[in-house]
Structure formats: C-alpha cells, structure tokens
Amino acid sequence: MALDLEAIYTDLHRNPELSYAEHRTAGIVADHLTALGLEVRDGVGGTGVVGVLANGDGPTVLLRADMDGLPVQEETGLPYASTARGTSPDGEDVPVMHACGHDVHVTCLLGAVDALVADRASWSGTVVAVFQPAEELGTGAQAMVDDGLYEHAPRPDVVLGQHVTPLPAGTIGLRPGPSFAGADALTVRLFGRGGHGSRPETTVDPVVLAASVIMRLQTVVAREIAATETAVVTVGSVHAGTKENIIPGEATLGLSLRSYTPEVRERLLAAVRRIVAGEAAAAGAPAEPEVTIGYSFQALVNDPDATARTGAAFRAAFGDQGVADPGLITGSEDVPALAAAAGVPLVYWLLGGEDPQRFAAAFAAGTLDSDIPSNHSPSFAPQLHPTLEHGVEALVVAAREWLD
Amino acid sequence: MALDLEAIYTDLHRNPELSYAEHRTAGIVADHLTALGLEVRDGVGGTGVVGVLANGDGPTVLLRADMDGLPVQEETGLPYASTARGTSPDGEDVPVMHACGHDVHVTCLLGAVDALVADRASWSGTVVAVFQPAEELGTGAQAMVDDGLYEHAPRPDVVLGQHVTPLPAGTIGLRPGPSFAGADALTVRLFGRGGHGSRPETTVDPVVLAASVIMRLQTVVAREIAATETAVVTVGSVHAGTKENIIPGEATLGLSLRSYTPEVRERLLAAVRRIVAGEAAAAGAPAEPEVTIGYSFQALVNDPDATARTGAAFRAAFGDQGVADPGLITGSEDVPALAAAAGVPLVYWLLGGEDPQRFAAAFAAGTLDSDIPSNHSPSFAPQLHPTLEHGVEALVVAAREWLD
Amino acid sequence: MALDLEAIYTDLHRNPELSYAEHRTAGIVADHLTALGLEVRDGVGGTGVVGVLANGDGPTVLLRADMDGLPVQEETGLPYASTARGTSPDGEDVPVMHACGHDVHVTCLLGAVDALVADRASWSGTVVAVFQPAEELGTGAQAMVDDGLYEHAPRPDVVLGQHVTPLPAGTIGLRPGPSFAGADALTVRLFGRGGHGSRPETTVDPVVLAASVIMRLQTVVAREIAATETAVVTVGSVHAGTKENIIPGEATLGLSLRSYTPEVRERLLAAVRRIVAGEAAAAGAPAEPEVTIGYSFQALVNDPDATARTGAAFRAAFGDQGVADPGLITGSEDVPALAAAAGVPLVYWLLGGEDPQRFAAAFAAGTLDSDIPSNHSPSFAPQLHPTLEHGVEALVVAAREWLD
Amino acid sequence: MALDLEAIYTDLHRNPELSYAEHRTAGIVADHLTALGLEVRDGVGGTGVVGVLANGDGPTVLLRADMDGLPVQEETGLPYASTARGTSPDGEDVPVMHACGHDVHVTCLLGAVDALVADRASWSGTVVAVFQPAEELGTGAQAMVDDGLYEHAPRPDVVLGQHVTPLPAGTIGLRPGPSFAGADALTVRLFGRGGHGSRPETTVDPVVLAASVIMRLQTVVAREIAATETAVVTVGSVHAGTKENIIPGEATLGLSLRSYTPEVRERLLAAVRRIVAGEAAAAGAPAEPEVTIGYSFQALVNDPDATARTGAAFRAAFGDQGVADPGLITGSEDVPALAAAAGVPLVYWLLGGEDPQRFAAAFAAGTLDSDIPSNHSPSFAPQLHPTLEHGVEALVVAAREWLD
C-alpha cells in the first residue's frame, strides 16, 4: 500500500471540520483520488467528493465515508489531539473534534481505493468512492443525492460502508435487517393563552396542555406499536412559564423518536402529530401546535441477502470469530439515503476500534459502559493499528465480493 | 277555607303517579278548579292542567305546582303510605311514591285558588294556576309551553311557586339570584376499535381514551370556570370491556354537570363536547363520540327585584324569623321554563315541611344530613300541619303582592 | 404401532372434559399405560397421570401432554364433534370442546410411549410420560409438582412436549429462548369513598383514580421496559358507578400482562403494584388497592442448547424444510413449571396440524388470520393425518436424542 | 391639618425603597410621629416604626400602613416619578417604584395621626400607628410581631387599615368575611433518574412524573374543594431537560395556590403534598419530592361584626354611595398577622384612588382591565386629590368609631 494511512489519519484528526465545512478534508480527499487516477467531482451536496474508478465491465459498487467532526473539546491527551475551532450553525465559535471517528472512515476509504487501484488487474467493474459531508446533521447523504450524485457517478448495484466503534479492533459487527435506529428530533410548540394565575378561566393553560400531551404520548409505544417492534418516544425536555402565578402563553417539548423500520417511524411521527393536534383541540388552543423536525435519520436496514453474502466474504477473510452480530444499535446513520435513492441493497457494518485487551477487561468487569469511551465522547480514541488496516481490508473484501 | 286540605293531600299521597302518567291527579285537579269556577284546560303538555281565574283588570300571576311521583318504595309507615305501582319508561313495573312532596304542592295550590276565589272581592287581576306533569324528568314545564300554555292562558307578569323541603315547618327559604342548580346528565360513548389484548397496535383502545377524557374533564372546573363561580363536573360512571385480555370496542361515561347560571352551564357543555372530540381525535378514534343529554335542568335564577318584593311581603306576613336565605341549593327544578317562555320574573321559594323540634334537635347535634329524611328518600314525610296551611298562605301572600 | 391413534383421538375428541374434571380421559390414559407395561400413578395434582418406563441405565426424559378441553360449543361439523357439557368453576352448565387440541397431545404421547416400548431394545434410560390436568387454567403442571410428581417419578434430565397449531401438518415450529408469552390476568380494585355527584369534596373519587391509574400504566411499556424487550400491559376492562350523579365507592380494572422473560414479567408486576399503590396514595384513598392474580403463566423459554440439540435431531429426521422458527408466540403454556421444578432444560415445540394446501392458499392470500381457525376457535379442527403420526414421531425423535 | 400631604407623598413617591430597606421612609415617619408628640420606636421587625398616641382611658386602635416599594421601572411620566434603584434579594441592581401605592398608605396614616392629635380633646383611648416593612414579601407584619410589637405597644382592640386601588377616588370598598386571597407560592422539585433518551428503562423519567403530577393537581379544585368555595391551583411553570434525547434527572414546577379561608388553604397544601408524594411513589422516584414555600399570605378575613360597625360609620360619614362591596379580591395582604397575633378583629378596606371620570368611562366601555393601570403596573398613578384627603378621613372615621 503506497498511502501512509497513519499520516493521513493523524492529519485529519488534528484538523477536524464541522458539518458542511469540510473544505480542507475534501481537498485532501480530492487530491488523493485524483492522484490515484480516479475521475473526481467535488462540491457535491456542498462539500462532498465523488471519485469514480471504472475498471471494465461488471457491477458497480459504492463505498461511502463521511467526513465531518463534532463540536466537542477533545480530551484524549493524544499527541495529535485537535485544538481546532469552528463556527456552529448558531454562529458560535466552538471547539471541533473527530469524536465520532469519521477520520477513520476517510482514511480507510482512501486506503481501500488505493488497494483496489493497485490490484485492478484482478477485478473488473466500477468503484464509486463517496466522501459525504454532514452525516452528523443527518442531511449530507441526501444533499449529495439531491445535488445529482447519480448523474455525476454511475448508479451502483450495492452501497457499502462502515462505522468505527468501541468493539475490539480486528473485529466486524454485522447484522442483517434493521441495524441502526431511525431517529427523529422534534420540537413541539404548544400554544395557549396566558394570563394571571388566579384567573385560569381567562386563559388556555399550556402547562396543562403540555402535561396531557406528555401523558398521551406514552400510549404511542404502549398501544400503537406492536410489542415485537422496537420503538422509543422520549420527551426529553419540557419548558413553560417563568413565574408561579403567571399562566404562560405556550409550552415547548423536545421529543426524540427511535425506530428500526420506516413503517414504525411513520407510525410514530403520525401518532405524535395526531396527538398534539387532538390535545390542542381538546384544550381549545387558539393555534395549532407547531411540530418542527430538528434532525431525522431513517432506520438503517441492511439488505438480508446482500448482508449474508458480504458476511460470508468477511468470515472467509477474517474467520468466524472476526464477525459478530452486534444486536440493534441505538445510534443512527444517514447512509441509507444513498441506497434508497439508487434503489439498491445496503450493507453497513461496524468496524472494531478498541484495544481488545482493554475491551476484554471492561467486559469481564461489566464496565463497558463506563470504562470504554464511545463515539461522541471527548475521550473517544480508536486504536490506530490494526484498526486502519482492518478498515481498509474490510472495504476491499466487501467490494471484491460484489465486483467481478 | 272550604277545601279539606288534609283529605286532598292524603288521597294524593296514597295514589302517586309517575311522570306523564298523572291522569288521576290531573282529574282531581281539574274537578276542583272547575268547581271553583275557573276556566279549565287539561291535557296540556300531556297531563298538565291550567285553570284561569279572571277577576277584572290588573296583573296576571302564574302559580305553579308539579304533580308527579317517583319510582320509590315508600317506607314511612304512615297510615296513608303509598302502595301504588307504575310503569317506568323502560316498561318495568315499579313502586311509586310522592317522595319529593309534589302532593304538597298540588294541595297547597288548590287551597290557594280556593282562598283567592273566596276573597276575590279584595283583589283584581288574573290568576293562572298551572299543574304541570313530569318535573322529575325536567321536561314537564317545557312540554306545557310547547303545547300552547300561553295560548290557552294569558301570559303572566310573574311566575311564582314553591317546593316543600325539610326546613322547619312554618318557615320559608328564599334566595335572590341563582338558587337551584342547573343540572345536566350526559352519556358519552367513546368509540375505539376492539381486538386482542396482546395486540393493541391493531386497535384503538377505548379504555385509554376514556381515562384520558376523564383526566381532561378535571380541567373544566379547575381551569375553565372562574374560582368565584360554582360548577361541578362529575363522571359518575365508566364502563368498558368484559375481559382483561380483550380490548373492547367502546367505553361509556355517565356525566353529571351542575351550574348556577346559564353562562356557566353553556361553558361546561361546550367544554365537555370539545374535550371528548379532541381526545377522540388524539386517539385516532374511528368515529366521533356520541354525547347524549339524558336530562337537563337549567339553573333556577330568582329575579332579584321580584324576589326582594316578594320577600318583603313574606316578612310582613310571617315575620323576619319566618324567611331565610337557604344558600345555593344543589337540587334542580324545571319551573324556569315557564318564566323564560313568558319572558317574566320568577320567584320560587322553599316551603319548610319538617317538624321544627326534630329539626332543631338534629341541627344542634350536627346530624341534619343523617337524621332528617330529605326529598327523594323513602322516608320523606312532611309534617302536615302547619305545612299545608302555610303553603297555601305563602302562595296567597305572594300572589296578592303582585295582584292589584 | 399397535395403538389405533385415530380411534383414540376421535374418542377423546367426542368426550372432552373441563380442567380438573379429566376423569374419563385420565382413566383411558392410565389403562393404556398400564397395558403398555408402565408403572402408573393417577390422581396426581387432581386428575394427572404419570407413567414411568424404566429401561436400564441412562438419562431420564419427561414427555408431557395436557388433557383438558375448553368451554366452547363445537362448530366443526365433524362426525366426531363434541356435544359434551360440563360444569364451569362458577357452577354453570357449559358446552365442552377440545378446541385447543389437547386430544392430539394425549393421543400422540400414548403413541410415542407405544413406539418406545416396542423399540426398547434400541435405547436405554427412563421415559416419564406425564399427562397433566388443567393447562387452560395455568395451574395443572404446578399442581402435579406440588402433589409430589418428582417423588412418584424420577427427576428428568430434560422436559419435552409439543402443542398442535395451524402450521402446515408435517412441520415443526421450534424456537430457542423465549417462545410462548408469560401471561398474567390481574383484577385491580381501587377504593374510594362514594357520595353525591354534586359534592365531590366529601368523596374520594374512584373514577378519577381509575383514570389516573390507566394513564400511568401506559408508562410501564413506554418507559420501564427496554424497547428491545417484548411486553404488553392491557387494561381490558374498567367498571365503576351506576349513575351519573352518584360518585361510586370503588372501581375495578381487568389487566392482562404479557412478557417473554421472567425478568420482564417481574418488572411488569412490580410496576403495576407500585403504580396502583402510588396513585391510591396520591388520591388519598381510604384503603389500599387490591391486586388479585386470576391466572398466571410464566413465559416459556426453551433452553438454547437443548433446543439446538433437539432441533438438529428434528432436521435430521424431517429435513431442513420440516423445522422452522415460528417467532414469538403470543399464546401461553404452563409446561415451564415441570422443568423449573426439576431444574432442567425445557424444549417445547409447535406441531403443525393444518392442511398444507389450505395453509398455503391462505398464506398467499394474506388471510391466515381470518381463514384458518386457530386454537380456541369453535372451528378448530386439526387434519388427523399426518398430524397424529407426525406428533408421535416428533416425540420419539426428541426422546431418542436424549436417551442413550 | 398642619401636614402638607402632597409634599410628603411626592417625596415618598420619588424615593421608594425595597422591602426591609425602607430606612429613609422609616426615618421620615419617625420624625413626623415624634414631632406630633407620639412615643416612637423604630427598627421593629427590621425597619418598622411604631408610634403610640395615648389619650386617656378607652379602647386601643391599631392603624396600619405598609412602606415598601417594588422592583418596577416607573413609566407614569409624572413630574415626581421615581428614578430610584435598589438591590434585590439576589443582589441585583434594580429599579424601584411605589407601584403598589404604599406611599399613599404612609401619607394617609401620618395625616390621620396629625388629625387625631389635633382633635384629641374630642376622644379618649389609645392609637397605635404601625408602619410596617416588607408587605410585598408577605413577611413584614409577622416580623414586627416576632420582634415584640405587642411589647413595645399596647395590644389593640381592633386592627384597621386600607389599601389604595383603582376604584373611583372618594369611594371605599369594604367586604365582611373573606376579602383578600390567601396565596402561596410553591416550588416543587420532582426527582427522577436521568439517562439516554433511547433507554428509558434505565431511568425514572421526571418529565412523565411532572406531567402526571400536573394532571393530578387539576383534581384538587375539581374534586377536593366544594364548588361553593373559592380556590385556585395554578402550575405557572414547568421546567425539565435540556435536549430531546437525554432524559433529565429532575423537573421543577412553580405552583400558585389561592384560597379565602384557612381551611381551604390547608386543604390545598395538604392535597398538593399528598399528590406529589403519591405520584413520586407511583413513578418509583429515587427521592421524595421537595416542596418549598416561597411566600405565603393567609387569606384576609374581615371580622363580620367589626366590619358592619365600621361600614356603618363610613356610610354615616360618606353616604351610602361612598361604600361598596368590591367582591372577593384576588390580591393578597399580610396585615392579618397583626390581628391574629393580638387575637382581635380586623377591618381592612379598599381606598379608591382612580379619577372617577376615567373610571366611569372605562367601566361603560367594558375596558376597566385594559384602560386603568392597576397595582403593580409601571403606570399605576393614584389621583392625588381627593385620594389623600379621603384616605386620611377614612382612617380617622374608622378609628373614632372604635375610640370613645
């Protein structure tokens, strides 16, 4: 392998960029892809980069990496720790860190392209390398699609990708069917009519309306979703009023919805909308509630057949012990948008990035949750080796399974 | 007085009749009125009787008595106790008793007409004696109005009437403004969609809908009615389902609303309708709730000026100690329909019917509620004397105040 | 096979008996077992029968069948349809039908014992054949244990059994881990203090208490059980009050709980108890709620290793197509009590009993739920052949896997 | 009258002081009282001042004024508007205004003492003039009592006082029995256990607990207080959580309770405490809720007999049109503490301070609420004349009624 993976990684890690601001990262990516001989298009969906490696007849495989960092102050103490800052959507100056490991994803995908180029005599078909912006906002993949991704690059036969996590380095987590949660963040504004606390009859009390909505929302999971399905409706915040004797004019709820199939997700969203509208009507509210979706990830559903096929390739390459079903993952991913837009199967796996000994010790002690920093933690720090090499190989193995 | 009040009373008491079945009673009334020389019309609003005593120029005064008994098994042990039976609206054979004292009302009004006829030289004007059916159903007064009461008889200048209660015999309870509660009985059917208890997601659970409605209904009095107003919303019954593991198709609530002004009553009714509709919408109910009004009494509001005038006449006749403000009365009356239809003032008072010594003893002991049988009790038994004479005199005094 | 399975089956089907009244059935069973040379004990746990077939050294295998019918009026139109009647626990005369297929279970277990006896030269060990009463009440298995089952018969190394269902005849449904739901029927009495509907302040309103409890119970599944677990809390009935203007003294709820692990079941029960107690305290209730458990099935959890071993034997005998994972089953079974008391693995499977062509047609049409009568239906009618033979063979194959 | 009321008033109005910081005001008061020949004690209960005017044998009458201003930025535009600032209990620098008219109360009481001194030959007895701090906090009157008020001054036979309001200047509002509301401000902290929004089963969700508490609190007024009583329970604020997908550890409610009798107030407080405790138990909360009382005004109940006597004196002095029953007042007052500590009757009245023409116009237009600035408004500005003179005369008339 000609590329120095560690050098690429530590540079990216030192210089993380927030969603849709991945200009430096995209430049590095584009330079490497160009150098490797791919046809490159940048600025897709803002800062996305697409490289096409056409290598004769055969299937087309899309490999995807995401590029953005998070507004987190790094606390790893690593020599290559980030001190970068960025500008949040609110215009605030914030620290930035690759706290979710997208630097691993970029590095491994560059490495995989490098390997596939080097080995191009042994396969035929087309590889589309997609480096997307703004996964953390849940919108980057769709932004690339909307900006003509599949006009700039051939429509693939399969979409493949990976996410580094605190599983033991050298292992892969792969699960057929629903894998990552669909997640929606909703803000619900409930409108009443304020007034003096001693004269509720002149008001429409939004505090009572909010309470009734919250109680009713409990019925969504309890009554409207099959017990064998997996769904969560959490009201994480409720705020109304400033003073005990003044009835405020409105209340605001923050909701988090989780689901693992589009059907359940639609049912959750419809139920929330129906309930807040019905409760507002029951309250005689002077205005309909406002339901705003802050972010929205659809559930990631790995295609069962394609996952079985890819999993078999992994087991052949890494042994049976190297691949495990990690169960349902509560995190979310926007990669499904790439497969959905193309109408093709998706296979997305977890790439182990944790020191296996540390993992084993924490597992034995029952302290995985507390001892192992997970994604989004200021202390999240993948073990570089063999994680980077393994991530490259996983992409190559998976891609080769689908190429001729 | 030519009439034997006690004989009339004991005969009526022995032979009570249910609402709209007061045929025998109406016959007795009509015979007496005819004998006294009044112009009589019977069958008004079913079994109602109207007698008009025209006595020259002057104001017209309407005096009202109600005639119906109740489906109660008498337990007074009196020699003239009822053993009568009747047919309930459901077609059931039931015992009947004058448990609410309407026999007193009829007797006293006949006595008052007798007295006014005897004394006709001393006054001028017109007296309209109205004996109405079905006060217990809340519909008899309106039925007479709808059946042309004010075509058969002149429109009055004031409506007067009385109700016997367990105040001390010889006293009168009179209150300006809101006096008797408006009362509405509502049946609310909430529609869901039934199914197996293990699969709530295939259903719309009417049990949860009913619970949410009940909780929400608490906000009507707590939030929508001024603290200085008087209102009650009681859900007296809730029924749904037959088996713990079958989600039923519907739930039924029985509601009782009480209020003392038309404005509050309207607000209660509107709030109930709004809440059940809103909650059904929040539940995704397959059909709108059905709200049926079983009976409906408007609040009895005594005209303040007319009440002051009548009260002054009572005090002149019976002394200051003989007239008291009984406070708000939780019972209901349908006599307001007679005044409302005529657009004239109403003055309606309580006629004491309890043995004063027994009353005093129970009052002193704090056992009024338990020791003194009140209206609708199987043991309700007014003290005949002086109650009958006093009831006659109260009607005459009040009528004379308004006649020339 | 010496036994005439069809004759035994049709006789049992014609003569179903209610729970704990399986006297005739038990007699037939005991006669057959005795004739087959087993050591037999009857009257265990009421009407249970145990037969022990000791055949040299080796493991002990318990094979279980349940014997009771249901109070259902048969509507199959079969020549051997039941016209039997029985006496319900309430003392009522009711129709009886083998609507849940326990006649299949008894017949097959007799057939399996017959086959094992005939073939005893080829295996060694001990077979314990348990014919239990009252599975439908959820108490028969425990009743046999409590009555000394494991004193009368050797403690087994594994408990095996089967349930006929509308899967295609000739197939077996087997699932490792949680399989049949734990189910509890609870009656909750909530105590308030009654009074007149116009004076709620003199009462503790049990209708409002019931509503608050119902709303709160929604939070059990929504908040207290992991989204990845399977649980249902249904309030199938709520009853309080007789009249809209009388606040009743109590309210009664009927609850159905479902779960698939003992941990979740315990959590559900604890949450229900905690919520009704807390809500009663919040209401100022004059007495603590009464929570009565009507029936209680623990979840049936197939031992993963034993199930894998048994499933392998099935696949070897019937082919891969003959064994499928039926998913979580919402029905319940009391057989776990036999394994729990012995502290040994349980393997319990579904025995297909439906005409495969009819099944396939309904499956294709998406009308399985409506077209195929399932257990407890008045039209439930297993296809006799090959169901009976297959049920015998399944028991024999499973038993032989565990015997030497 | 020797004192220049307008000069005193405008000086006080220009120099308002916050609760317990009424040093300048107290100095002015003490100087005047001393000059008028009273025995003066200052620093009672912090900044309170007491002057005793002993004038021979006879009853003792306590006249009370309160001295503190409010943290309001004056917007009256008056030449004597305040530009003063003060330090809030939180240590913040805030504007200060006599927005509640306590400057009127001080001025009028000084004027009344002046008049009583001038006219001392015509009466005998003792007048105790109490100028109290911190009425706005609800604690100043009690602070003076606790600091020995009735050791420094003779225990009175009656407590008299007045509050300026936007009734027409020249009129008095007086109501026997319950007059000003009892008011309590409560902060309720509900404790749960936080966690990730996708794993509610690891948490005790305080948002749901808060909602259930709010719904339950609606039942206090709806079910626990008689419909004929007057009470309000308002949850004016609810706050929990910061992010939609994080379940917070606690929730905080701000409650305002209002009542007009000690019995109702006690019932409200007990119900709130019972409900939050019960709901926390129902939720399985890890800690009991904290209920903190922020301020607490008892209801002001005018002694019926003493009020009748004082009212008769007012009517004799000012005519029947000059005195009216203002109905229940939703505001609160801490003056009852002075009467309660002495165990004597209280008579407290409203002093009209609004331009009668402006009042009449707003009343006719139905815009009293919007057009007439009321107490605590930045635009509150009593009409100086005849308000000051009338306030002096009302105190003198009332005091003389009770003095010999």
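As written, the chain order gives the labels A, B, C and D, with residue 1 at the start of each chain.
Everything below uses one rule, namely that a residue touches a chain if its C-beta (ideal position, glycine included) is under 8 Å from a C-beta of that chain, and two chains touch if they have at least 3 such contacts.
The structure presented is a predicted model; accordingly, all values stated were derived computationally and were not measured.
Enquirer: Which is the least count of steps on a path of touching chains running from chain B to chain D?
Expert: 1
Enquirer: Considering only chains that satisfy the touch condition with chain B, which of them also satisfy it with chain C?
Expert: Touching chain B as well as chain C, we find A, D.
Enquirer: By CA centroid distance, what chain is farthest from chain B?
Expert: A
Enquirer: Need the CA-centroid distance for the pair chain A / chain D, whole Å please.
Expert: One centre to the other, that is 58 Å.
Enquirer: Taking each chain's centre as the mean of its CA atoms, how far is chain C from chain D in angstrom?
Expert: The separation of the two C-alpha centroids amounts to 69 Å.
Enquirer: Could you tell me the distance, in whole angstrom, between the mean C-alpha positions of chain A and chain C?
Expert: Those two chain centres are 44 Å apart.
Enquirer: Going by the touch rule set out above, which residues of chain D reach two or more other chains?
Expert: 198-200, 205, 208, 212, 215, 218-219, 222-223, 227, 232, 258
Enquirer: Contact residues on chain B for chain C in the complex?
Expert: Going by the criterion above, the answer is residues 181, 183, 185-187, 196-200, 205, 207-208, 210-215, 218, 232, 234-248, 251, 254-256, 258, 294, 330.
Enquirer: Sort out for me which residues of chain D touch chain C in the complex.
Expert: 198-201, 203, 205, 208, 212, 215-216, 219, 222-227, 229, 271, 274-275, 277-284
Enquirer: Using the touch definition up top, name the residues of chain A that touch chain C in the complex.
Expert: Against chain C, chain A makes touches at 215, 217-223, 227-228, 230-233, 258, 327-328.
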